[in-house]
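All chains are identified by letter, namely A, B, C and D, in their written order; residue positions are counted from 1 within each chain.
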Amino acid sequence: MNQRRGLPLKRKLYINGEWVEASQYVSLRSPYSEEVIAEIPAATAAEVEKGLEAAFHARKAMAVMPSHQRASILEKVALLLEERAKEAAEIIATEAAKPITAAYAEVARTVQTYKFAAEEAKRIHGETIPLDAAPGGEGRIAYTVREPIGVIGAITPFNFPMNLVAHKVGPAIASGNSVILKPAGQTPLSALFIAELFQEAGLPAGALNVVTGSGSLIGDKLVTDDRVKKISFTGSPAVGIGIRNKAGLKRVTLELGSNAAVIIDKDTDLDKIISRCVAGAFGFQGQVCISLQRIYVHEQQFDAFVDKFVLATKELTIGDPLDPKTDVSALITPKDVSRTIEWIEEAREQGAKIVMGGYAEGNILLPTVIVEADPTARVSCQEVFAPIVLINKVKTVKEAIELVNDSSYGLQAGIYTDNIHTALAAAEQLHVGGVLINDIPTFRVDHMPYGGVKESGVGREGIKYAIEEMTELKLVVFNKN
Amino acid sequence: MNQRRGLPLKRKLYINGEWVEASQYVSLRSPYSEEVIAEIPAATAAEVEKGLEAAFHARKAMAVMPSHQRASILEKVALLLEERAKEAAEIIATEAAKPITAAYAEVARTVQTYKFAAEEAKRIHGETIPLDAAPGGEGRIAYTVREPIGVIGAITPFNFPMNLVAHKVGPAIASGNSVILKPAGQTPLSALFIAELFQEAGLPAGALNVVTGSGSLIGDKLVTDDRVKKISFTGSPAVGIGIRNKAGLKRVTLELGSNAAVIIDKDTDLDKIISRCVAGAFGFQGQVCISLQRIYVHEQQFDAFVDKFVLATKELTIGDPLDPKTDVSALITPKDVSRTIEWIEEAREQGAKIVMGGYAEGNILLPTVIVEADPTARVSCQEVFAPIVLINKVKTVKEAIELVNDSSYGLQAGIYTDNIHTALAAAEQLHVGGVLINDIPTFRVDHMPYGGVKESGVGREGIKYAIEEMTELKLVVFNKN
Amino acid sequence: MNQRRGLPLKRKLYINGEWVEASQYVSLRSPYSEEVIAEIPAATAAEVEKGLEAAFHARKAMAVMPSHQRASILEKVALLLEERAKEAAEIIATEAAKPITAAYAEVARTVQTYKFAAEEAKRIHGETIPLDAAPGGEGRIAYTVREPIGVIGAITPFNFPMNLVAHKVGPAIASGNSVILKPAGQTPLSALFIAELFQEAGLPAGALNVVTGSGSLIGDKLVTDDRVKKISFTGSPAVGIGIRNKAGLKRVTLELGSNAAVIIDKDTDLDKIISRCVAGAFGFQGQVCISLQRIYVHEQQFDAFVDKFVLATKELTIGDPLDPKTDVSALITPKDVSRTIEWIEEAREQGAKIVMGGYAEGNILLPTVIVEADPTARVSCQEVFAPIVLINKVKTVKEAIELVNDSSYGLQAGIYTDNIHTALAAAEQLHVGGVLINDIPTFRVDHMPYGGVKESGVGREGIKYAIEEMTELKLVVFNKN
Amino acid sequence: MNQRRGLPLKRKLYINGEWVEASQYVSLRSPYSEEVIAEIPAATAAEVEKGLEAAFHARKAMAVMPSHQRASILEKVALLLEERAKEAAEIIATEAAKPITAAYAEVARTVQTYKFAAEEAKRIHGETIPLDAAPGGEGRIAYTVREPIGVIGAITPFNFPMNLVAHKVGPAIASGNSVILKPAGQTPLSALFIAELFQEAGLPAGALNVVTGSGSLIGDKLVTDDRVKKISFTGSPAVGIGIRNKAGLKRVTLELGSNAAVIIDKDTDLDKIISRCVAGAFGFQGQVCISLQRIYVHEQQFDAFVDKFVLATKELTIGDPLDPKTDVSALITPKDVSRTIEWIEEAREQGAKIVMGGYAEGNILLPTVIVEADPTARVSCQEVFAPIVLINKVKTVKEAIELVNDSSYGLQAGIYTDNIHTALAAAEQLHVGGVLINDIPTFRVDHMPYGGVKESGVGREGIKYAIEEMTELKLVVFNKN
């Protein structure tokens, strides 16, 4: 990183196993300092075409590569990343303004993600089908195989610029596909860094291509090109639905937004959970798909919870993402600062109380605690993606569940309770992709099935689950008659 | 059926467990005799809305019904259908002009399909997830469940008017969903008949609704309505892609067309396979998704194969679908007769030889054998859905595989060979959803995974596989820390 | 049953599909009335040999029978049993002194067991193995199949004379094996009745053989004969271990005894659970493998629990098993009456209080409630298999768990608690085959995995699980190199 | 190894994480040079007791260790072994007289085995059980977990002294058990070497204990001690059956012997397969469980096959196991030399022709090819475990299959054929644990299910399969009613 932090660094496109000079560049600035940190290629249609062509060609080499070799390459990437963890974390912290401690955590998880991918590469299998279970099916041997689908277009967001790339590239390579990757505009460096590692690990040319630049230009090309067999996108619902509606028969996995909630039942030991709730709400400035945005507290605990929560939030350190003491830093863009200030104001006008924060210092929105916001306020019903948390009073868990479900999203939700009946009812009634009993909704480990219902998305990630959606089931029948 | 064959029978819509008088009707005519066989409701937007509302409301009752009860209902439907097989077969034969013997076979398979659905209803399950496989995941119990997604919009074709309804309604009910079903315009009677059986079997009101009428009006409503969480469609690629592009975040399963092929290697014992090939090509007038449309014969066997095939085809009986001796009857619409005649002419002009058939008698297109048609002719590259088969000469199996794959479709393909290396290579290289070694591509039993690649569709049917696509995976995590 | 209850009925052996006159007979008496109810063959070594020979020969026909036919036969048996439920229940009630209401419940469960077997017959399958996950494994197609192992020797107990036969014969037939069945000496009629149904259902001759008579003679022969590939035994630990040590390389499944316990936490709503606990303790006179024998109640609830339990127990009706009002009837043998009286006396001498019952009327041991028995008393540490229940006071759930685990058995255990942490800890720490949260240990449905740890046995039953142990895994590898 | 090859090295017992001086020692000699290569502890009953106690105590630490830690330890062992491959290979070559090239191959496979174990450690999971599939099971959440069984007694053979230890210790540690390992008398050094690696990798004290010495003393103790919950044994049928009959309710996995066969059909390209057949027959002097012992050649190919086989065998280099050019070296004991010479003589007397070899030079039995041996000769019907191969002429594949099956063993069998029908018939009819189409029976990769039928053993190894047999299935049910 030294050089990168010294001089703006001009990066190249990674196409067909080579670093290719681009025809045009844009400056990438630090969200925190606004300094230029790199010059990034803005790929033209012709350059994207080259990436597509490379991926299309490489799909054949990938499809016939033995799984232990695919695994070896992914394992090597994990190993290299572990070795270069410091550099990787600094890239993330610099381009995304992610506090460096969180950036290290992301790198560690990314290592895990590639290791899981390496391991799952060797476990892709089908089953035998007892065709003689139906009259007319006698005398046959039948089994299924999972074949790679070919070229996968991956479109990744800024908030986990390394690990969410891994959640698409990892399973794609694991299952013998080739990839063309369009990283988020603000976080190309993490993606390009990973490409270096794959290059060093010996991935065949063209099996991974990274094209940076305009989301609409590149995205459109990937979504509409016939050679791309699947789009895996993580980002906003609006863009996600747009992709889905243009993608024709392509497969599409969408990991979209959420306004994740937790419920605090009356019997909860608050001291045990406060720090975890605070971390869930403000980690990486709340710019996490499953960031804790809404907290529903039983009325018996409400006042105590708010007090303790605010107290703990005050302990957070605001500042430079590269400072290891920093908990909260700049939002990803100045636009997001003004948007969230506007949303906070709207909530205040509708009667919410801003108990803490509510304003920005530079590009940093201070951790903001809002009490009793109206469910129709945008801070409540939309995804804030900022260090804003709402705390609301409820009379019963039943009421809280209804409020959690009264959302167009449904990614994950948590509930703290000691009562087994309440816990099981919540597990059943919360309409989300993942229910966390006695935990915040922000919990994720990289091999678990992850994905939402409603507008939170379509499909599941978590390596094994992603691999299923990146492979075609083929039935093979030998007729012995 | 007696009464149905005597007087035109006015049928009603089946909405919310009741037979509802419609505001408008259209006449349904026999494809064979062109007589009016029934008056069928042409549902208005308001009537479709009632069906949607009923399904939306019933989804709750279905979601909480124990699986053994869902299984019981489906088992009862299977039993009732077995008892009324004659009536069921005559309905199919009458409205679809499907030869009665084939109609009986369809009824027998439909019984199987509902039985498999009953059984799979009791086997929907998740797995436990060892979260401690990743650092940070210790001290937790986690498992997945599969929850019904809610309302399923089913749009079914004319060619298996009873069994393809079963392949959507069966798994939908098995997995605790409710259904709104739009059967093909020409074959509403089979669907309405099944509704009677579900009613008798005790399915809760609203869990199955049958709305007949305009495909575009009803289809559009189902595809765009927010209450419908999944569309399961079997039909043409054009309509399928249209649905996909309007469906937003809805799940969509599409079982589209094909120009299925078989390869005959040089060592094949022709006498053993001819009758099966003829049946695969001309069964139900070739109006089967995996009907045998293209035959690639090794040059050493080509002449012998054509001779034997034509000879066997000449044995087929043409006529009234209700006559048990009939093998081939009328196409589903007069338009299809003229379309296929036009396609045959095009092939002839391009140099193909029409060895047999090639013309129509009334609405019956005579079984047509075309030799050496150009791959670009519509009879070759599009789905003929008619009793037309192409026989082509190849020098090697390798060449044949390339020709089979040179198609925008990829549902199933077959190969006859004694050589194990050839067989395994074909299993690997044929780019289709199902490879049949020593069988025609027309093979299907109802529990096997079934579905295509490329423009042949998206998703898999076969009860267990359909159920997966009709349920949401939910992760439940108990934190013990 | 009429004739059976009128005149002693002479039954025959069922060998090779025929009812065979035996060379010697013994009288079977009602445990309740001591009247002779039938004359039962006491098979000689030569007769057992005929059964073995028949089974050995029939294994070939079974191994090649398509799974849908095996399923059909089992489905037919389920249907026939449903039709003849009254007769079946009366046989059970008569020969086992099982109260007729419980006998009907057993018949209903037996129907389920055969239905599950029919369904699982069609789902026996393997998986494909990605051999290229290891260097040296490239270029291969590999899959596993499950083949029937051949002849299964089934030895069944008296307590569920119909359903525990079904748990062995059902999966054996489902998986294409043949069976030689030795039912308990006191309950041959249920087994012979089922043989009739299989005969009527069209099972091939020799696929099921029933030989009644001396346990040691027949058992020894089955256990040591080379043609028998697996012994499936349900009965006492002593006999089970003896079988295991003589069986050589044969597979052996043992479902042995238990002294099942339940824990009652301090927060439990007693009124909601008392009747279920009473049923668990005294159902079929406690002669159930997972009968509730030990109850550990939190000290805060202890007195109330004992009072309510005794009150509810007093409501039980004692009497003739054929009377629908009867809850508790005779023990299976007079010897068991004297044994249990002796055990009760021993406990009393060691300081236990006999709160209720403790003596016999004829062959009926009155429902007996013992408080604070010493853990070393035989009523506590051995399997009582009688209507005796122990209630003990504990200070904590932790203590209770230790007491439950301090047993040479480990089949199932239950805990009633509202606390999720307690429940999850119990699930982890109870060392048994099945943990029931908020239920008695006596819960069983017939498709769940069922079996114990420690001296409670080896292997699991529950159709699918039993089938795994009745089939051999074979790996098939096609080398494409 | 340098020091080891210089001075005899005194090794210690590995108990409870420490290297413990033993009370008595025996000299270990090279099978090739007969030099003393080490002094090995001959554990006394008291020393074995210490190992048992350590393992029994350590089982608790292992049972609660998160799976990612278990995986880390195993991964570390794999890594260390990779780094010390040369040393490891020399140990194997020295103590077992395994040619060094084969020893290197074993080390590479052992690395794979531990890696697979590391990966499978993280994939041990259960499934949810839909209890509501049966009446009476409504309103419940149920899932299964796999718990470690506790202490595993592993008894390993000399022929793969490192990899067969890995196949027991790997899955045992992966699944959270502790182990007491008794390696073969001739190959303790490999086992002790692995213990060093586990120690360095941070395995908790007592989780692995290695006790060397008398097979009968140590084996008996392990088999009869109540703290040992499972015996995993690889070795001879006689010892295996003895273990089984003393083991009571303990679980037992037995990987016993075989006289593996391959069939050569008439259409086979001999030149392509000869070298592989020679390797399968003579690799490590035929001392491999799935060594190729019997070859059945179609009469059309018989003479050619024998000629080519003998020619290729003549190319083998005989000599010092540490010489990289050596293909065949000394048998494991002089007793085996005299035994095999005696068997060869017996065959010769019965009319077999010894086409090549048949005598020994020092402790090396020369590669021996026997033609037309009688099926009753011990070289045919028993496991030779020596460089002896039988070649027999058959008229048909059918006859060959019958001859292969006419054995008390059934581990693996191969067939070379181009005909798909022949191949599928062989896959079905060969009564063995693994059928290899177009390969020798000697094929094994370490993650595939491996194990035999008949006297070849009980249970399956292959990490995932071994883990299943080293864990208890526990059902957990939450009653929501």
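Note that in this section contacts are C-beta pairs under 8 Å (C-beta built on N, C-alpha and C of every residue); 3 or more make two chains touch, one makes a residue touch a chain.
Chain identities (UniProt): A, B, C, D = Aldehyde dehydrogenase family protein.
Everything quoted here is computed from the prediction, not taken from an experiment.
Chemist: What chain lies farthest away from subunit C once each centre is taken as the mean of the Cα atoms?
Modeler: A
Chemist: Higher C-beta contact count, B-C or B-D?
Modeler: Between B-C and B-D, the larger count of C-beta pairs in contact belongs to B-D.
Chemist: Could you put a whole-Å number on the gap between the CA centroids of subunit C and subunit D?
Modeler: Centre-to-centre distance between subunit C and subunit D: 38 Å.
Chemist: For subunit B and subunit D, what's the span in angstrom between their mean Cα positions?
Modeler: Between these chains, centre-to-centre, one finds 51 Å.
Chemist: Roughly how many whole angstrom separate the Cα centroids of subunit B and subunit C?
Modeler: Between these chains, centre-to-centre, one finds 45 Å.
Chemist: Of all the residues in subunit A, which ones touch at least 2 other chains?
Modeler: 122-123, 129, 133-135, 137, 144, 420-421, 423, 427, 437-438, 447, 478, 480
Chemist: Within their complex, state which residues of subunit B touch subunit A.
Modeler: 108, 112, 116, 129, 131, 133-137, 142, 144, 240-241, 244-249, 251, 254, 423, 427, 432-439, 443, 445-451, 453-455, 457-458, 460, 465, 472-481
Chemist: Okay, in this complex, where on subunit C does subunit B touch?
Modeler: Within the complex, subunit C contacts subunit B at residues 119, 122-123, 141, 420-421, 424-425, 427, 447, 478, 480.
Chemist: If we count contacts the way the header does, which residues on subunit A are in touch with subunit C in the complex?
Modeler: 66-68, 71, 121-130, 132-135, 137-138, 143-145, 417-421, 423, 437-438
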